[in-house]
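Both complexes shown next keep chain A, but they swap its partner, so chain B is in the first and chain C is in the second.
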Partner chain A sequence: MSSLRFVFVSWGLQFKMIMRSPFDGIGNVIYPLFFATVAFFVFRAGHSPRTLVYASFGAAVMGMWSSVSTSAGSAMQRERWWGTLELLVAAPRHFALVLLPATLGLATVGIYNLAATLLWGRLLFGVHLSIAHPFLFALAVVGTILAFGGLGFLFAVSFVRWRAAWVLGNFFEYPVWLICGFLVPLALLPGWVHPVSWALAPTWGMNAIRESALGGSPLDDLGLCLGLGLGYVALGVLVTDRVLRAARLRGSLSLT
Partner chain B sequence: MIVAARIFFVGGVTSFRALFYWLTPWIYIPTMMIAPIFQILLFAYIGRSAHLRSDEFYLIGNALQYASIPCLFAMAQSVGGERYQETLGAILVSPAARIPLFFGRSLPVVLNGAFVAAFSLAVGSLILGVHLPASSLAPLALVVLVAAFSCTGLGLINAAVSLRIRENAVLSNVIFGFLLIFTGANVPLDALPGWMSTAAQGMPFTHAIAAARKLAAGSSLGDVGGLVGAEVLVGVVYGLVGYWLLRWFEALGRRHASLETT
Partner chain C sequence: MAVIEAENLHRTYRTTTGTFRRRAKSVEAVRGVSFEVGEGELFGLLGPNGAGKTTTIKMLITLLIPTAGTARVLGYDVVESPREVRKRIGYVFGGERGVYERLSGYDNLRYFAELYGVPPRIQKQRIEELLRLVGLKGREHERAEGYSRGMKQRLHVARGLLHDPQVLFLDEPTLGLDPVGARELRSTIASFTAAGKTVLMTTHYMFEADSLCNRIAVISRGEIVAEGTPMELKSRVESGRVTEVEVFGIPEETVGRLRQLDGVLAVSVEEREQAQVLSVQTRADVQLTASILGHLDGASIGRISYREPTLEDAYVALVAE
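Right, the complex of A and B next:
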């Protein structure tokens, strides 16, 4: 219970800091709207049976992923720049509990991205959305946010040994957009890509959000999304222990 | 004259190398060589999904448009990076002539932008199986160079604005986004609202992308001379405005002692 409270309070603190950061709070929110706009124009001009509604949900989840990928990759690097990394690592709490709220905070910005993109599509492109299962839709969004936070956490701890961790985080923005079925159905992608897509929670989160909005059954997709998210967190904890042990042995935490 | 040439070439190259986190070149590969390939693939597949245009359309549009990343960010960082390293004041207090100082920083950026676009075009065409006629390769190289030049002109304006604002990464991303929408890289200009396709005529890449698509379709360099000329003109206008803004904001920075504090 005390750990949950710690995560919740840290999440609130991190979220406030993110919302005051021009890059995370403004840039990461505006940037995906440009891609969403291109997607709306392309699908409106195209001759596909896939509609603007399809593009609208895909573009919205693209924005959710954007808010996580770049900034989560450099979450630990930021603490290093601020000079707080050593203090946090030395604190009695497990470091994973300190870091997870930061990536969850970034993922939470994704809710704003989702709402902004759907509103953008409604106001500028006249995309009329009706959510078939509002409760399941809300569950799917929250589940996707949690899974994105888990994947961001794995990124954050995996990239800690690199000074330019943001580059690696940024690097994963396009590939996830491409192979997780946001705007391109998996069936259009080469067969060897499918197993990679299935291992990524955003694929199932996207399915769950679309299914719940369009009247399908999202529970299986949501379960897979959450399961993978938990798996990322578990793997991230293991990586955290290993990375911190190595950094302590070599005295290389600050990378100076 | 020799001093100006040294500032232009040596200063420009040194400033450019420092962009990569003090001479660590490995970040170049994911940001400049892999990311543009994924941008090309993303939009080529979105195009397939939407049944809009061919792979060639998205390959050329995105390969050229991605040159905006090196051109915009590098130019903005040529000012913002100096401020971060606390060397901006030392540079601007020096008696160095401003034309070689600022334009010298542009030359490596133009060449790098052209390389990134050409590399993306070559690798993207191999991955997507798009055939570019051998006769089009040399003219395409010229168009790519002109596109990078044109965008670096806009980058100079971005650099100037970086004298007044701190968050030049956000600004660069916003400009990149506008170029993605307006220039016809992914959305045919005739599918955009009239005011957007009109505004696109004054933006970098619009004419270069159109010229490159015509070259790939078999036109000669002479056939696209007007488009190439228009792209050069756009670059020159942006470059001159950028230089004027740099001088103006430098003067404002001195007057208000705000070079390090904005």
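Right, the complex of A and C next:
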């Protein structure tokens, strides 16, 4: 109960910090609109309303993913700069529990990304989206955000051990757009890429969102997305103690 | 039973030099530190910058794993049972870092109260009490980024006390504070032992250690060079005396030559505006004024005075050995 309360309070405070940062704020407002604009221009050339709908959901999830992949690394880097990382490690809570609300807070920003992108598409490009199963759509969005948080958490654990690993967050941003089928159907990608796509929760989250919006059944995709998200969290929890021990051995917690 | 026990602690950092042809290098920050702190005691680790004070404290609070040796806090081994140690200790360090600047002082405390599992029913009352104790009541809802250095330091102290720890580790807690702020904080620290807490603090201010600590360990180049009460440390040099000479432009070689004189215990040079003050601590049974002045040939000499050694002289003599 105490742990649940901690996650909830901590998530709220993390979210407060994100919203109070002018630079993070501007980035979060502008980036999704930028992604959406590029996607709409590219797909409008195809003159097919269905591909435009496909692109608008893809662009929305692109924004969500970018928010998590780049921010999870920089969030840990900020803890180092602020000198708070050592204080978090020195606390009795399991460090995994300390990291999780931070990455979930970042993933929550993704809800705005999704809404802003879809609204942008409607206002500027006249893409009228009708959501076939609103309840399942909401479920798919929340599930995808949780899975993104799980993946961000796994990233964050590695960022504690390797100071420069936040660069990897930026590195993963663009390939995932492609590999997970945000913009291009997986069928168009070479066969050897598919196993990588299947191992990444964003692939299934993207499918679930599209299926629920277009009238299909998103439950299998959503189940896989959440399952993988939980797997990332479990893996992160398992390696947290090892990563922290290595950082304590090397004396790298206080380094900026 | 000792509350804090350090036995032959060693800590080596591995670092690299060079850009293209990297070479591994080992730096021994702590070399065989041992001490014990009893219940309710305020124990000071005193030493110059880079002596190994912070490294020692970080091993005790479980942030660093010792390269060799063992340490226990309240009977729990800091390597084997870090979580048990963390539940029972508070850690406060000096300086402006360690604060969530975008959150208010109150939110900072709320976050750490949750982090330390302070029960919700007492959390609010505890935060209010601590805000009053550290003098931040009335400013708690302002963002911490607008706080002065002193206010941030006081926020650190409140944070360290949130879970009412039995043992407190204070790493240079008055670092960078103005004299009034530092004095207030020292009086707060003194109240901790009155409340039954055990405190280990590091400092490089002699008067701070003298006024606060029951016992002091002087640490230099990673080793403890002396341990005892402030009185005991002072008594080590009580029989000597200090000759102070105001000089203008004393070369480093001259200071080195003075250190070699028979009967000289320690030599230090303090910069004071235009001039420097050379302090030569000697044995009481020798008269070296003429010899000292003879070595200063070529340098402009101002006032010459004599005084009894202080704890600071004891410290300078110890770390210079």
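Quick note on the criterion: the second predicted complex is superposed on the first by the 247 of 256 C-alpha atoms of A that agree within 3 Å, B and C clash if a C-alpha of one lies under 4 Å from a C-alpha of the other, contacts with A are read in each partner's own complex, and residues count from 1 in each chain.
Please note the rule applied: contacts are C-beta pairs under 8 Å (C-beta built on N, C-alpha and C of every residue); 3 or more make two chains touch, one makes a residue touch a chain.
Owing to the predicted nature of the structure, the values given are computational and were not obtained by experimental measurement.
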- request: Figure out whether A:Pro92 sits in contact with chain B (first) or chain C (second), or with both, or with neither.
  value: second
Between chain B and chain C, the one with more contact residues on chain A is chain B
Open item on the list: Per the contact definition in the header, classify A:Leu124: touching chain B only (first), chain C only (second), both, or neither.
Closed with: neither
Is A:Val42 touching anything from chain B or chain C once the two structures are fitted on A? First, second, both or neither. first
Output check: A:Ala115 vs chain B and chain C. Expected answer is one of first, second, both, neither. What do you get? neither
Inquiry  = One more residue to check, A:Met17. First (chain B), second (chain C), both or neither?
reply    = second
Both partners, chain B and chain C, contact chain A at residues none
Seen from chain A, its contact residues with chain C in the complex are 2, 5-6, 9-10, 13, 16-17, 20-21, 82-84, 86-93, 98, 245, 248-251, 253-254
In the complex, the residues of chain A that touch chain B are 22-23, 26-27, 30-31, 33-35, 37-39, 41-48, 50, 55, 163-164, 167-168, 170-171, 174-175, 177-178, 183-185, 188-189
Contacts from chain C onto chain A in the complex sit at residues 11, 13-14, 58, 61-65, 83, 86-87, 91, 95, 97-103, 107, 110-112, 114-117, 120, 143, 159
Seen from chain B, its contact residues with chain A in the complex are 21, 24, 27, 30-31, 34-35, 38-39, 41-43, 45-52, 166-167, 169-170, 173-174, 176-178, 180-181, 186-188, 191-192
